[in-house]
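Each of the next two complexes has chain A plus one other chain: chain B in the first, chain C in the second.
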Partner chain A sequence: MRVKVKLLSVFAAHAREDAEGLTAIPEGATVRTLAESLSLPMELVRIITVNGRQVYLDEPLAEGDCIYLFPPALGGG
Partner chain B sequence: MANGYWQKLLRVDLSTGARSVEPLAEADLRSFIGGAGLGAEILRRELPPKLPAFDPRNRLIFATGPFQGPAVPGGAKFSIVGISPLSGTFADTAAGASWGISLKEAGYDVLLVEGRSAHPVYIQIIDDRVEIRDARHLMGRDTVETVDAIHGDTGDTRLSVACIGPAGERQVAIACVAVDKHSFGGRCGLGAVMGAKNLKAVAVRGTRKVPVADPGRTQALIKQYQKAAHDAVLRNHFRENGTPGLCETAEGLGDMPIRYWDADVWPEGAKRLGAPNYTKVLQAKPLPCQYCPTGCHRRIRISEPSEYELAGPGPEYETLGMMGTNTLIDDPKAVAKANDIANRLGIDTISAGAMVGFAMQCWEKGWVTSSDTNGLELNWSNPAALIGLVAQIGRREGFGALFAEGTLGAARRIHPDAVETVVHNKGLDYPAHDPRACLSLAPTYVTGTRGACHFRGPCEDVEMGGFFLPEAGITQGTVRFFERANQSYVAVKCQDLGALTCSLVICMFMIDGSEFSLTSQAEIFNAITGWEWGVDKLLEAGERAFTVQRILNVRDGYGAATDVLPKKMRQVATEGFRAGKAIPFEALMQDYYALRGWDESGAPTAATLARLGLTA
Partner chain C sequence: MRPASVGGELSGEHEGARVAPRYQRNLGSLGRAAQGRLFAAHILVVGLGGLGGYVIEQLARCGVGQITGVDPDVFDATNLNRQLLATTSTLGQHKVAAARDRLALVNPDCRFCGIVGRHPEVPETVWAAVDLVFDCLDSIEDRLDLAARCTLTGRTLIHGAVAGWYGQVAVVWPGQDTVRMLYPQSGPGWEQDLGTPPFTVGLTGSLMVAQGIKVLSGTASPSHRQVDFLDIREGRWCQTVL
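Up next is the complex of A and B:
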């Protein structure tokens, strides 16, 4: 299946999109397996939204989901 | 003598020229630690309620804590405390560079300045030699020129200099205190209080090392945590990107101010302003304070276009938010230029950005026209408006002079309907974090003892995943976006942490960003003082400091009636992450007052005061 993955700031270099801007993932994938497959630094993957809803790493993904992976907000000043 | 302290307060009366050294009781240090906690208690003991900020009796308290002796990571900080011209009540602001360490090396924990000099002066402290020197030749000089001039006058470039620029001299209510050209006690206008006292600068250095309880253990822990923090900021990219690395996350989660808080999304703007684009466009490098393993400040260089040419400290996230997305300006060079002007004139870049965004809103509504601004077009996205108005505010001239008493003061003069559009608490403009995104910020801002502040309670970073406080039960998942549960708990604990941090005094970015945990800080605290405190006792000291500050707020007229959200924070987003979400404010405040142990008027109850060992 394919999903839309938005990787912000320091995560952006890990993007792996096809020509249509989508990312192919296996059936049964979760946010964790997606993040691992993109080689993201897992200790920094803390704030995740799927279709605008906050979720955690073990959230299962479905065809067409829109996933945002935000680097954590450090040093809020 | 208590270890980690000299137990000495240096008092300088600028009205009489008198200087004296007074003992600091160990019992007070054990209650309030130092910095903003001790400073608040001194204000409470020495000042009557509702004292105008520019009254010569107002105190300016430059206070260190136990972390300014040995080279504690992030310990190059100090607090400045006094009554703010913006709020008319307690204020503290913290700065870095080398000043706090230098005061400690000179043999003092606290410098207290009172009175008002008949003409401009600066104070020079070198160990026991305390001089009040003529500063008439420094008037009108900016915060960079002032440091150079004092170094030139004295021939002593080792002096650490905290000074004001032209804005402070002219008592602009958002005037800051600039330290060694790159660190700023920015918020609350205490630079204007320096100006009202005719105090242009305080220059200090010393040759002493304060004794600590266990020197070997102290040094071993410092070495261990310096390395651990440095490794952490390399791993999490904080050293590489500094606070500008936050922009895209903050915008994506609806936390960043856009169009003076009226718009909800602007991902392109945040991407252009933030790192990594910031780092590339501004050729940014880390600019650390003394003993800092993190280096969050940025040293930048702009060579073109010529009107933006500069080399010096670059804008932080807050400034990118308030001067950038808030005004719909997405050019980091333009924001950097406005930031540099604000730094040199000596004004708080957060409030300055808020003022420009507010002015642009007034322009759009037709409340301000070119006849008011002498032709300066205050339309959104206009870098010339940002740069021009920041300069006017800092110089207290032209249309900018209207802002000399703060955004609220300007609103009252501009239009009757403008007042309710000001986004503030206690007269302090909101910083670049939106409580509609991070709900715990709502009680944090409205009860903030110095006004709306994310840094005296950094709970936005809890919500946005960057920092947790496991020692107080705050971990990932303690709060979830837009859900009431535990939000006020996080607010309370983060505020207590904020007050503690400003009492120790240590940079907030050690715990928030550099993984220097509260447990680790307690280890160093105990090695220095020998007091063997647990984390609970440290947090209780933070709560005590916060409560003393609240007592000052209450006696100055603040309470439940002023613990309210500005109107714009009731606006619900129509797009983006927080679309359709409203702050459950009354419920949050009900939770908050119960957790704090405050009565319906917003005052700490007798039982709360007794628990903390305080009297009303």
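Up next is the complex of A and C:
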């Protein structure tokens, strides 16, 4: 199945070039499967939304889902 | 807000009132009514490091009537690359004291009250008086606690954070749990690895002020949990609803 991936913040710089956009993943894949396949630093995958709803790593994905992945910044400058 | 009389000459409905020259270049973008609201506003700024320094500087230049600033720390040499209030003259000085001195130079019409401490030490009388709160903190626990206090007191919170080339800003309207959604897990930030360059701090702090000015002037309307993400490295500004 194919899902749409949007990477924000430092993930956009660290992921492989074709990570964003439509991505093919196996049936039954979860957000964790997807993030690992994109070679994202898993310890920083803290905010995930699927179709605008916040979810966690074990959320199962479905055909056509739109997934945002990003690590929140924390520093006060 | 109190009547619009602090720091400028606007009064009443602001129509036809004279505006001090220092605010004239605000009017074309902000408008006279908004300028009057700023004169009357009391803002709580929690954290006077990088973001907080830019935030109070711009709030004072915009004409905000009163600022309460909170920070327990003193400046050290590692602050010099990005913190507006950190200079070779203020090293070792409390950030609150440097803020007071800076605002006295920038705009003596802006009254500044400093609290050397953390935000739980802000008196209830201040919470009752403030119109808007800025979150310029640097720990998840403190940010969550400040957001909870804003919810409790019905105050709108302007959240900002930075790491490396990246910044994020959110207007958190009373009752929204945006900050908790941003930090679903505790853990260290990743700015330790990426550092904190000055341009990210300046840009993010400026966006925080712009959002705050829109809230104070009544031109921003409560929205869903929107967060603005700034990616300066790639030149992207992404608005996401959590």
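Here is the rule we go by: the second predicted complex is superposed on the first by the 66 of 77 C-alpha atoms of A that agree within 3 Å, B and C clash if a C-alpha of one lies under 4 Å from a C-alpha of the other, contacts with A are read in each partner's own complex, and residues count from 1 in each chain.
As a working rule, a residue touches a chain if its C-beta (ideal position, glycine included) is under 8 Å from a C-beta of that chain, and two chains touch if they have at least 3 such contacts.
As the structure is a computational prediction, the values presented were derived from the model and not from experiment.
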Chain B versus chain C as contact partner of A:44, first or second or both or neither:
both
Going by the contact definition given at the top, which residues of chain A touch chain B in one complex and chain C in the other?
8-10, 43-44, 46-47, 49, 52, 54, 56, 68, 70-77
Residues of chain C touching chain A in the complex
47, 49-54, 82-83, 136-140, 143, 160-168, 181-185, 187-191, 194, 196, 200-201, 204-205, 229, 231, 233-234, 236, 238, 240-242
Chain A residues touching chain C in their complex are 8-10, 12-13, 43-44, 46-47, 49, 52, 54, 56, 68, 70-77
Give every residue of chain A touching chain B within the complex, in rising order.
6, 8-10, 41, 43-44, 46-47, 49, 52, 54, 56, 68, 70-77
Quick check on the complex: what are the chain B residues that touch chain A?
235-238, 240-243, 245-250, 252-253, 255, 274-276, 296, 316-318, 431, 433, 454-455, 458, 460-461, 464-467, 476-477, 480-481, 508-509, 512-513, 577, 579
